[in-house]
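Below: the structure, in structure tokens.
For clarity, chains are labelled A, B and C in written order, and residue numbers in each chain start from 1.
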Amino acid sequence: MQRKIRLHRSEPISSSATHPANHFVRVVKRVRKGIVSIITEEKPRNLEEHILSMLIPGWSSSTSDPPPRHFGTGFVIHPDGYLVTNEHVIRDADKIAVKLDGYTRFLPAQRVWSDEERDLAVIKVQPPHPLKPLRLGSAETVEVGEWVIAVGNPMGLNHTVTVGVISGKNRPLQVANRYYGNVIQTDAAINPGNSGGPLINILGEVIGINTLIIYPSQSIGFAIPIDDIKPWIRKYMS
Amino acid sequence: MQRKIRLHRSEPISSSATHPANHFVRVVKRVRKGIVSIITEEKPRNLEEHILSMLIPGWSSSTSDPPPRHFGTGFVIHPDGYLVTNEHVIRDADKIAVKLDGYTRFLPAQRVWSDEERDLAVIKVQPPHPLKPLRLGSAETVEVGEWVIAVGNPMGLNHTVTVGVISGKNRPLQVANRYYGNVIQTDAAINPGNSGGPLINILGEVIGINTLIIYPSQSIGFAIPIDDIKPWIRKYMS
Amino acid sequence: MQRKIRLHRSEPISSSATHPANHFVRVVKRVRKGIVSIITEEKPRNLEEHILSMLIPGWSSSTSDPPPRHFGTGFVIHPDGYLVTNEHVIRDADKIAVKLDGYTRFLPAQRVWSDEERDLAVIKVQPPHPLKPLRLGSAETVEVGEWVIAVGNPMGLNHTVTVGVISGKNRPLQVANRYYGNVIQTDAAINPGNSGGPLINILGEVIGINTLIIYPSQSIGFAIPIDDIKPWIRKYMS
């Protein structure tokens, strides 16, 4: 049986991305070079076992398993390689590695500053070229209902872009032994590896740091306002 | 080591919220005064135990735990303080309390009318000032794919705004012993405390009452068409 | 007590759907006739038991339960009734039934071609009238951050429309024993019955076939690029 199917071929350059409703395409292009993927390797839990496993060939124990790895996100605040992320992303990390946009190789990163109470940290890489910092906006002037874009590394899916709106602002939030006094709530999809990544307004400015989700729930995520970290960056850096 | 970080400071008044793509900001501002947060306290399950605990000092039993609390949402239909919600929000409630937008104190609310079969109820508060009713639209002219906004009180996060589209309409739905003949489906994030809250179109009109979710699923929520409650409100009130 | 409620009645034809921000309404109207709901009935797992149950009246076993049913989605590629779906939607199916948009009756469908490795299949129905094929676009020119629309049959909710953006593209993905070399990631809500359905750009062109989700996660779904199936359709059909 011979059949002919007429396949409608699209133009080589699609006009869908340039449709006037597609505001986020330009924003993503502008910011993605300023966002990095983080992978951490946990400290072996039992140091004694770890030493034995290195000294005695064939030593077999639970520590001979590869140490657990975790994903996180960060963003550039200085061309020399300074990156902001959540403190909880690097807390238990023995090694921190960072992947820049467009690179396949990971760079080692060092802790520069961290504040457990505020869940904020600065790490540093030795970049192959000056990095482009993200523009910092302010969460104070953000309005409920406005579009926001989250970029992150959920499950290691680097530079994952999700879109939603501001669901609420100035929320107090108590999680375990931490108190977040004033967070932004969004319905943009946030998953574990998004932690430390930027929440971005439609102008491409960072307004928050994606930090928490309520699980299980439908699209209830929280970001620390960027305003909270500005004085700490200044204080540390200058 | 002394370092200088150039922080890009945003203008005191951000232009992101006034970006032409941010249609929902205006809608949210218009409707939020007409939406209330509901918290209910369940009847103690075992009345005998409850009486004993009040009569005998030091009486200890499971009923000495605080009674379970639940969250819900409602919206204003009359300036005197008449509010619509779902019947299931208040069904097992011993006490109903309502928080108006911009107030921190809860007001006590009374049942006025409820219809278990339709899962609809009217409650009333004594407001400190005349309330502004939401504009009622119609679900009949709603089109699949159009933007909708849900405002609610999930996990007690009052006035949470989530955005999505109409996923389907005129759906029959059987849940437990109830039959919803004709519901609206949306992918706007709906969580338990959203029940009773309004589903709003891009013009700021109520088109439905957020009532059900499929759990677990990704963003499958259902609203009772506002048209279904209009005759019942009229009948009861006039 | 006599009360009057002023009900704001919307115009018989709402202007919300024609609001300039409601781009997706037109897209949905254009594509929905080209999308079908699929329901499959599994082969009985134990053929011997099945035969016994047919031969011996009153024979009772687990196989006397109705065989499991599953939902899926497909879309029209040829007016004669050729439909694309995922191979995994029909793999274990004993019977395949298809519901066209606007019809209540299911039509029987036959396997025409399937490729387990690529998770793609073509099935055929005998349509009551020539079907309207969807326009095929290309995933190659798609940009991260652009709007996409998924139409599918999650939980049998036919023609469910969900909206999101392209979260990533050219992702390699390993799932069980299959390797998807190059998938599109989206935050449009995808649920099990969406499998085989189209991912559509804002111009109404198919750019992918919704195939996978990460569960549990918030809005991480994957589609096979439409480009991957074009040569296979041509090869088979001509």
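We take it that a residue touches a chain if its C-beta (ideal position, glycine included) is under 8 Å from a C-beta of that chain, and two chains touch if they have at least 3 such contacts.
What you see is a predicted model; the values in this text were computed from it and never measured.
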item: Copies chain C and chain A - interface residue numbers shared by over half, same or different; value: different
item: Rotational angle, Cα trace of chain B fitted to chain C, multiple of 5°; value: 120
item: Centroid spacing, where centroids are CA-atom means, of chain A and chain C in whole angstrom; value: 32
item: Sequence positions of chain B contacting 2 or more other chains; value: 21, 216, 218-219
item: Contacting residues of chain C [partner chain A, same complex]; value: 21, 23, 77-78, 80, 82, 133, 135-138, 141-147, 164-168, 171, 185, 187, 201-203, 205, 207, 214, 216-220, 230, 233-234, 237-238
item: Contacting residues of chain A [partner chain C, same complex]; value: 2-17, 19, 21-22, 24-25, 27-29, 32, 149, 154-155, 157-163, 188-191, 213, 216, 218-219, 221
